[in-house]
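Below you'll find the structure, written out as structure tokens, and then a few comments.
To keep things simple, chains are lettered A, B and C as they appear, and every chain counts its residues starting from 1.
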Amino acid sequence: MNSSTGSGGTLDAGVPQGSQPARSMAANLLSIRNLSKHYGDFRAVDNVSLDVRRGELMTFLGPSGSGKTTTLNMVAGFDTPTAGEILIDNQDISRVIPSRRNIGMVFQRYTLFPHMTVAENVGFPLMVRRVAKPQIAERVTRVLKLIRLESFGDRRPSQLSGGQQQRVALARALIYEPRLLLMDEPLGALDKRLREEIQLEIRRIHHQLDVTIIYVTHDQEEALRLSDRIAVFDNGRIAQIGAARELYDQPANAFVGAFLGNSNFLTGKIATANGGRYQVTLKDGSSIEAPARLALAPEQPVSVMFRPEKAILQSVSETSGFTNRVVGRITENVFLGDSATYEVRTASGELVTVKQPFGPSETKTRTMDEEIAVSWPHDCVHIFPIDR
Amino acid sequence: MLLTLQRMGPGRYVLYAITAIAVFYLLLPIVFIPILSFNASRWLEFPPPGWTLRWYEQLFTEEQWIGSIWNSVKVAFLVTASAIVLALPAAFVLVRGKFLGKTALNAFFASPMIVPVVIIAVALYGFALQWGMAGTLFAFVISHLILALPFAIISIGSSLQTFDIAYEKSAMICGASRVQALLHVTLPSIRPGIIAGALFAFLISWDEVVLAIFMATPSLQTLPVKIWVTLRTDLSPVIAAASSLLIGMSVLLLGISALIKRTRK
Amino acid sequence: MVAATEARDTATTELARQGRTLLPALPALVFLFLAFVLPVWVLFLRSFTEPATGLGNYQSLVTDSVYLDVLVNTFFVATAVTISTLLLAFPIAWFLVIVPSRVARMVFAVILLSMWTNLLVRTYAWLVLLQDTGAINQFLMYLGLTSAPVPLVNNMVGVIIGMTYIMLPFIVLPIHATMSTLDPALMQAASIAGAKARTIFFRILLPLTLPGISAGCIMVFVMSLGYYITPALLGGVRDMMIAQLVAELIQKFLNWGLGSAAAFILLFITLAIYFAYVRLVGLVRPT
């Protein structure tokens, strides 16, 4: 029995949720090792390994069908892995049924029981654990206060808005103080405003209760706003794990670079390597420099990536500016208030986007079809090998 | 334009007329019989020469009539209970199960609805004679259950089909065992389907004629059998009184099911 | 070798899993098998063994003109009932689709009420209504439409009136179900394109409603073939249908061989029509 609720743990701030016997307080609450799920020949999850630290909020970010839900379902126990293992507190839980895993889960569709009131819904996990009635009532009140729905206990789920329903679902998952809380696109069905409001709520509760959370989303903004760390999923594999800043500044591969934020990609090949820098010849003939983070041989075709906000626009005649430079014509010009976004077509026909913030000195706007130079510093460049 | 009232033109009056006639046709016997049951004339003269409660008195006092009503009630309740007990787990298998030949099993459970009742009746009649079951309550229940079971399975199955299994999953992740999830979440959610199945089963048993005729003996008859037997000799107005009772029961059960539907909304 | 054993192992465990999945359905399955399949199977066997082993029973059923008449009668009644119900049901379904839902609900209530009223009661009502001295004849004579009572019962007319009454709901419901899924905009589009009402009816409404019509017709036809109570009470001696024949042969004459053979001819026809329909159109959803 993995129940941590019998002793009537508290929901007060600052009390670590692991009020369990001091078993093994490893830094990692959850460890996933070489986890795979195959449907016939199709690999929905393909050799995934990751660790979730105690008290951390980790998001699984990835496009639709990349295996996030499948991974989560295996952690919850709704799916059996084809291979690999899942450890919680260093214990293999693959043979433990979902109800004994002491995991909380909030689903994308609201799954409040329609025939129960809000209070009955929230008290359900305690009811099935045979907690005494007065105690249930007390804890329900406390957790409803936490999600700021104290006065809604007697309503039916159908009498609540979508956002309120999802907060109740969260309360139901929190009341038994699970060691791990899984959330599968819990805000997917809500509009943007409401989503942001509840995101803040989730952050607050996460800090207040110190609960470990895995949060699935395909909305990168949501991931950036909420997470301590992000695991980016791509086709059933993990493309990269790290803090948001790390993923943005040091994408491990072109997929992460492209998926998180906006980026420019130009193709070229390695010319020479010296002093920790590569010389790369681009398709249009120009030569640029890039930091040599990977060991690549000359002639290796590469994809050159840099962020639109790292580049500046200059007249072709200007020679000041950064090491790297391509020339082209402006094909698109969008005014965004605090900034302008330009699209430049290079001689090779590739498109480069430049985002120009209107700082105190920058006031110029460029005109369409103007011949222009795009320049950016070499240390903002990432190069990824392209398979030949 | 042919499916919107305003644009149908005069043709719509033809539809009104035919429907009015059909509604009259459908209502005529249902309204006529209860009126007739108060007819004072022994020979069912129409229009009635006077009114009386005599036929109801006879219905509720004559040993054979009241006994048959009582038998009908007993059989119907037993059939309802057994239909639900058998249908509930079967519906779970048919909706949730993953196995070879699922469509075949579905068809098998529906097959009593396709086979003409008279064939089931004579087949069971043969069995009843051979095993000495003719004229027992058991034979009535078994035979009616064959017809009631498919209806119970279908109505429970269809409400189970619309029940989102995610509810059960969230109950289990909350710590509920399979049994707890079933008792506290699934069964309350499919209760309308179970009640509908029970009503169907009750009504089917209560109304069953053909099977009952073959299962009955003079000493044990259900109400429809008693009507049938009496009918073969004369058209006594007591039959009208008994028929009114059956009509009343149908109205009652349909009313209940309509009420349930309304509260569900 | 190893792979083969493994494959067999997983196949066996898969079978075991499927067996476990089926377990809850077992009581219902066993019940239907013992109470339904087995008796019908035994009856089937008796049609070949009584009074003598062989196909004798079937032979006499298809050669003796008395029995052939019964078959012809059966098909005639089923056809007539199907046609008369269709003629009534199509306008009713159409009416139900176009009128405000409040009106439609009331008509539906009447249809359901009649459908769920005891079969015997409805038949008894017609028996009384259609008598020479019954309300309908009284009314006709009162109007002066006829001087002597019209024989409406104990003949084919009575059977068809009574069975049309009973079968009507079974055809209205599927036609209505199909018609209510049609998009009124479709008709409008056709009429804007210049089609006349007649053309729209025959080219669009009717063809699109055909699935419901065919489902309803098949259901009525097949059910009518096997009907017992109504023809037995409303029909005359010479209007016997096959279900009556089965019942009489077995209950009255204790001729189990011939009776069960007749039962299986009925079952065979029923299943043949049903399967042909499923093959052609798809499954009929029982309503």
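A few remarks follow.
The rule is short, and it goes like this: a contact is a pair of C-beta atoms (placed from the backbone, for glycine too) under 8 Å apart; a residue touches a chain by one contact, two chains touch by 3 or more.
This structure is a prediction, so every number in the text was calculated from the model and none was measured.
Here B is the chain whose Cα centre lies closest to the centre of all protein Cα atoms. Across A-B and B-C, the chain pair carrying more C-beta contacts is B-C.
Of all chains, the one whose CA centroid is most distant from that of subunit A is C. Between subunit A and subunit C, the centres computed from C-alpha atoms are 60 Å apart.
For this pair, subunit A with subunit B, the centres built from the Cα atoms lie 57 Å apart.
Centroid to centroid, with C-alpha atoms defining each point, subunit B and subunit C lie 17 Å apart. Per the touch definition, subunit C reaches subunit B in the complex via residues 18, 21-25, 27-29, 31-32, 35-36, 38-40, 42-43, 46, 88, 91-92, 94-100, 107, 109-114, 116-122, 124-129, 131, 133-135, 138, 165, 168, 179, 182-184, 186-188, 191, 197, 200-201, 204-205, 222, 225-229, 233, 243, 246-247, 250-251, 256, 259-260, 263-264, 266-267, 270-271, 274, 286. Of all the residues in subunit B, the ones that touch subunit C in their complex are 1-5, 8-9, 11-12, 14-16, 18-19, 22-23, 25-30, 32-33, 36, 43-47, 85-87, 89-90, 92-94, 97-100, 105, 108-127, 142-143, 145-146, 149-150, 153-154, 203, 206-207, 209-210, 214, 224, 227-228, 231, 235, 239-240, 243, 246-247, 250-251, 253-254, 258. Chain contact summary for the complex, subunit A toward subunit B: residues 3, 76-78, 97-105, 107, 109, 111, 113-115, 124-125, 127-129, 169, 172-173, 176. The touching residues of subunit B, when paired with subunit A in their complex, are 164, 166-167, 169-178, 180, 184-185, 188-189.
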